[in-house]
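Note that subunit A is present in both complexes that follow, paired respectively with subunit B and with subunit C.
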Partner chain A sequence: MRRKIIGYLFPLPLLILILVIFLYPLLSTVRYSLYDIPFGAKEGPFVGPQNYRIIFGEPVFWQGFKNSIIWALGNLALQLTIPFGIAIVLNHRLKGINFVRATVLIPWIVPAVVVAICARWLLLPTMGPVNYYLIKSGIITHRLNFLGSLGLAMPTLIALNSWKFFPFGTLLILAALQTIPVELYEAARVDGANPWQCFTRITFPLVGRMVWFIGFLVFVWNYNIFDLIWLTTKGGPGNTTQTLPVLIYRRAFKTFRPGEASSIAVIIVIFLAALGLVYFKLLAPKKEERVIV
Partner chain B sequence: MNIRRPVELSMDYLVVAIVLVGVLSPFVYAAFSSFKPLKEIMTVRPAFFPHQPTLKNYQTLLLARTPIRNFPLFLYNSFKVSLGTALFTLALACLGGYGLARYRYPGKELLARMMLFIYVFPTILLLIPVYKMFSHFNLLDTHFALIIVYTALAAPFCTWLLNSFFRGIPAELEEAAMVDGAKGLTIFFRIVFPLAAPGILTAGAYAFITAWGEYMFALVLLMTSARRTAPLGLATFTAEQYIEWGPLLAGSWLIILPIVVCFLPLAKHFIKGFVAGAVKG
Partner chain C sequence: MSSKNEKVRGAWIGIIVGLLIFSFPVTIWAQETTQLTYWHHEAPAHRVAAHQQVIDIFQKEHPDIKITQEVVMWGDAWPKTLAAIEAGNPPDFQYSIPDLLLTVYRANAIVPVTDVVLEMDEKYHFFPGQIAPYHHKDEYWGIPIWTMVFLLTYRPSYFEEYVGTTEPPKTWEEFLDYAEKLTQAPDLYGIGLGGAKNLMIDEQAYCIMTTMGAKFFDEKGNIIFDSPKTIKALKFYKEIFQYTPPGADAWSWGEMELNIAAGTVAMAPYFPSVQKRFHEELDTSDYAGAHMPYPPDGKPGTITYPNEIHVYKQTVARGHLPAVEKYIEFVLRPEINYILTAVQEPGGFYPVTEAASKAPEFWKDPIITRFKKTNEVAMKALEYATLYGFEYGRWVNLGIGDITGADVLADVVHRIVTGQMSVEEAVKWGAKQMEKYSEPVG
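For the complex of A and B:
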């Protein structure tokens, strides 16, 4: 009995911190979303679902909602496919592979501020080196305003963000791949299987479920990103890169409507929770029936 | 042993080469450019190497200080906050990770799942409540507030990481020490701590890196310019009318350098710990 109590005591400080910094804010966000609180004031009148009505009536919210989905899906596509390929290579026994694995992680540990500053300079329309080299190599014929034009800003940001976070997916998929015994591949090769057959018959069936899980993690992770977008385009041009997290920050700290910002936050939580439920309960591949391509 | 064909091997090396170039070239390019004079940075015909290398960008950044543009102070602030975060995180994560590895009790699974839940938590949601909470306790505009938030962000993952390291240490070692009359804390510091040192270093580095690069909470919780952390300080330079790209590139390098230097030697442990944790989760 005493041992049990001691067992609970060890993680207690961490638990308290999580309750204070994560759980309490979750609950108070729901509460704020039902009040009309002037910024800086402690309290305001209870207004029920009024903040939600205001938000749902605004085109800028719906555009943000759409942008968030495009942003998260675009990032998911890039951060699941490319890392899968890289992880397969990194899983091989090659000379200097530990150095390569370490180097691949660098974009992930580099602060978003640095990525944003370097990208803004490299992508400048008239003085930017990227435009210069793209023209010189004949890939484009005239200079592009990567971060400043309506159609290009979102794809550019998705590519930039995927560059920063591809190590995360790579590492997770590498972890999944390392659960597959090497002998399986060796046996298959002896039987004359080519690399593609190895992938479809061994790799994919065995790690498919894990990659499925990683997919959700990557989607949500990207959905919640604020800093890289804010530091490069601030949601512009013309709100084309304004995802819901950017809109929340704007509402709360630029236009000082914390009640409305909170209701957007609640909508995000409900949306992601519902998505997770559907994803894992309805769409998940069963454990028994192996996914075979 | 290796029955892979030479063609496939060279394909592997080709992929590795492309990835390395893709990862490193932007940084190397920006690094070289930080030594270029302004007329070589802002030009329609840029070159890879600087023609007339200069330290002027670094001089401007580090020596031309004003109260709102005091980059050395910002670096010091970041160092202080990051070190504080690493120490707090390690204290919490060692306790939690050790408890989860050594004791069995109901609710343990739930606790472990909670760590995962933090991963998918929309941190943007925290901005308003955390701002209000710290303002209520008069902790706005303090480094302490940042340390608390950053610890909360880093500690769940570090607990998970350390849990897998502590599991790898046989409990018999500790029991033997107990038989020899050693007490709880002595056992931890004499036996568990040295054996889990790579894990503890890795967790500390993770917490440090998390705090070192964080921008969003620093933006909201800090007001006084003298308290700014390096990422926040550098970002405010870009909001000015005329953007000085030279010092900005120099500043970017000074922010990257310490974390790359402290991370690369630990990368092997980091990957191992991450992989072990990920597979279990």
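For the complex of A and C:
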């Protein structure tokens, strides 16, 4: 009995942390979403679902929702494919590979604010070096307004964010690749398998589950990103990069409507939780994967 | 043995008595020293240094008052101020701007400073336009310490090369003509104007609006933003915007100053504060400021942004009000005020009183001297400059703070320059947004 009690005590600090950092703010946000609390005030009248009705009736919310999906899916596509390729390269025993593995981490280490400020200067149409060298090399013929153009701002931000994130995906996939026994590849090569067959019949099936898991993490993490977008475009131009987290910030701290901002936050929580349920219940890969050569 | 014990006991008694004797004056001193904390929002290092210079001089004169400055970035000013008020722990006083002052007034957090204002007015004579934003219900709720003003800043050498004169434009027609002639893409563009959703665009757009006499409110505080004057002003903004560099629709303060200093834009409605960079980094006098051009049916106009001190209720409860009043009187002395104007940001911050505007310390600053003509124009512009929502010498609509905080005007401009809406549609939309925050005083 004593051992049982001690056993419960060990995770207790973590549980308290979760309660304080996660559960209490979540419940507070739900509460705020049901009240009309003026910014900076403690109290306000109870309005029930009024904040949700307002939000659902605003085109800017639906545009934000759409932008968030585009943002998350765009990042997902880049942050799974490129890291996969890099991880395969890094999985080889080549000279200097350890140095390369270390330098791959650099984008991950650079703070988002540094990336944002540097990007704003580098991508300036008139004075930024990116436009200068693209024009000089003949790749483009006139200056591109990367962060100020309605059509380019979102792809530019996705590329920036993916550049920052790819080391993380690379390391996770690399770790998974290193669990694959080398003998499988040797046996496959002996049987005449080419590199593509090795990839599709050995590599991908065996790391598939890891990639599938990373996929959901990447989607959720990117969905909630605020800093890079706010520090570069602030959701512009013309709300084309205004995702729901950016809308939450604007609604709470620029227009002083914490109730509406909280309701958007609650909607995001419900959406991501439902998505997670579908993803893990219905889309989970089968546990047994047969390797066929 | 007992002699040794007696010696030890004697020593302990001596130590305790000694501590008591010496701690008594220290305790008294500590109790008599008033500790003040104030917030301001000028984060650049040289501005923080100017504040500290004033504090150091003040503390030498008043050794019983200790002051600590705390910097809160402008972007965080509204939420952090309101959070501090809600927590019951705001600073003793705060440097602020009229729209933020209105927000804290609505939070019922501040006390009037009428007595100090009247006393200082008698001594130093405030410019009427600078004290007007603080008058409400027969009280003054803030006291201006320095002010800011937009001019049409420009590069005289570019004017000479491409327009054939160093004289700045005076009418809208000339303004457009200059902008067109000065646009030599891709290296030079006629004008620096922004199109993003931020305070800079609020101010640039208002600069142009006010030369048409367009306003947010009427005298009763009703929203009159959707008017022919506003539409005409913003149509002009859209027309001249075509001469801005690509990417200007995403600019904020940093990009604007970079492009002015780099010579990518020939002119820009802006604070003439860039003169500091021209003096220190570029060492050139090729920079000037002029009155904003206005149309035949318009009038001289520009934006001014006084920065004031307001005092919190908790300051009175803490017994710190007399010390705060001493500080306010101190910083308005012309020979001290120049530190918060010419030293803190030459060409950016200007005096708010006649006495300070004549102070030799202000005009002897090397940067102010180098660009003397521009600074004289700025002082002249203060005579007619106004601030959105405060044009009537009193508060007419308490929602102006939220309207500014939400960057509604900048949002209207953004929709226009990005082609999302026509000028008429955007103005109509903007008026509707303003109605959400509107709180007419009546």
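Couple of notes before you dig in:
The working rule: the second predicted complex is superposed on the first by the 286 of 293 C-alpha atoms of A that agree within 3 Å, B and C clash if a C-alpha of one lies under 4 Å from a C-alpha of the other, contacts with A are read in each partner's own complex, and residues count from 1 in each chain.
In the analysis below, a residue touches a chain if its C-beta (ideal position, glycine included) is under 8 Å from a C-beta of that chain, and two chains touch if they have at least 3 such contacts.
On a predicted model such as this, the values are computed, not experimentally measured, just so you know.
After superposition onto subunit A, partners subunit B and subunit C are found to clash with each other. Of the two partner chains placed around the shared chain by superposition, subunit B is the only one that A:Val220 touches, whereas subunit C remains out of contact. When the two structures are aligned on the shared chain, A:Ala265 is found in touch with subunit B, with no touch to subunit C.
By the document's definition of touching, neither partner reaches A:Glu58: not subunit B, not subunit C. Touch criterion met: A:Phe253 reaches subunit B and subunit C at once.
Judged by the touch definition given at the top, the superposed model places A:Thr126 against both subunit B and subunit C.
Of the two partners subunit B and subunit C, more residues of subunit A are touched by B. In the superposition on chain A, A:Thr233 makes contact with subunit C only, not with subunit B. In summary, superposing the two complexes on chain A brings one listed stretch of subunit B into steric overlap with subunit C, and the stretch in question is 235-243; the others among 163-171, 235-243 or 271-279 show no clashing C-alpha atoms.
Overlap of the subunit B and subunit C contact sets on subunit A: residues 42, 120, 126-127, 253. Contacts from subunit A toward subunit C in the complex involve residues 39-42, 120, 124-127, 143, 145, 147-148, 150, 233-238, 253-256.
For subunit C in complex with subunit A, the residues that touch the partner chain are 78-79, 82-83, 85-86, 107, 186, 189, 195-198, 245-250, 254-255, 258-259, 262, 264, 402, 405-407, 414-415, 418, 420. Looking at the complex, you find that subunit B touches subunit A at residues 2-4, 8-9, 12-13, 15-16, 19-20, 22-24, 26-27, 29-30, 41-46, 91-93, 95-96, 98-100, 102-105, 107-108, 111, 114, 118-130, 132-133, 136, 148-149, 151-152, 155-156, 159, 209, 212-216, 220, 231-232, 234-235, 238, 245, 248-249, 251-252, 255-256, 259-260, 263-264, 267-268, 270-271, 274-275, 278-279. Interface residues of subunit A facing subunit B in the complex, by the touch rule stated above, are 3-4, 6-11, 13-15, 17-18, 20-22, 24-26, 28-29, 32, 42, 85-86, 89, 92-94, 98, 100-107, 109-114, 116-122, 126-127, 129, 132, 163, 171-172, 174-176, 178-179, 186, 189-190, 195, 216-217, 220-221, 223-224, 226-227, 230-231, 244-245, 248-249, 252-253, 258, 261-262, 265, 268-269, 272, 276.
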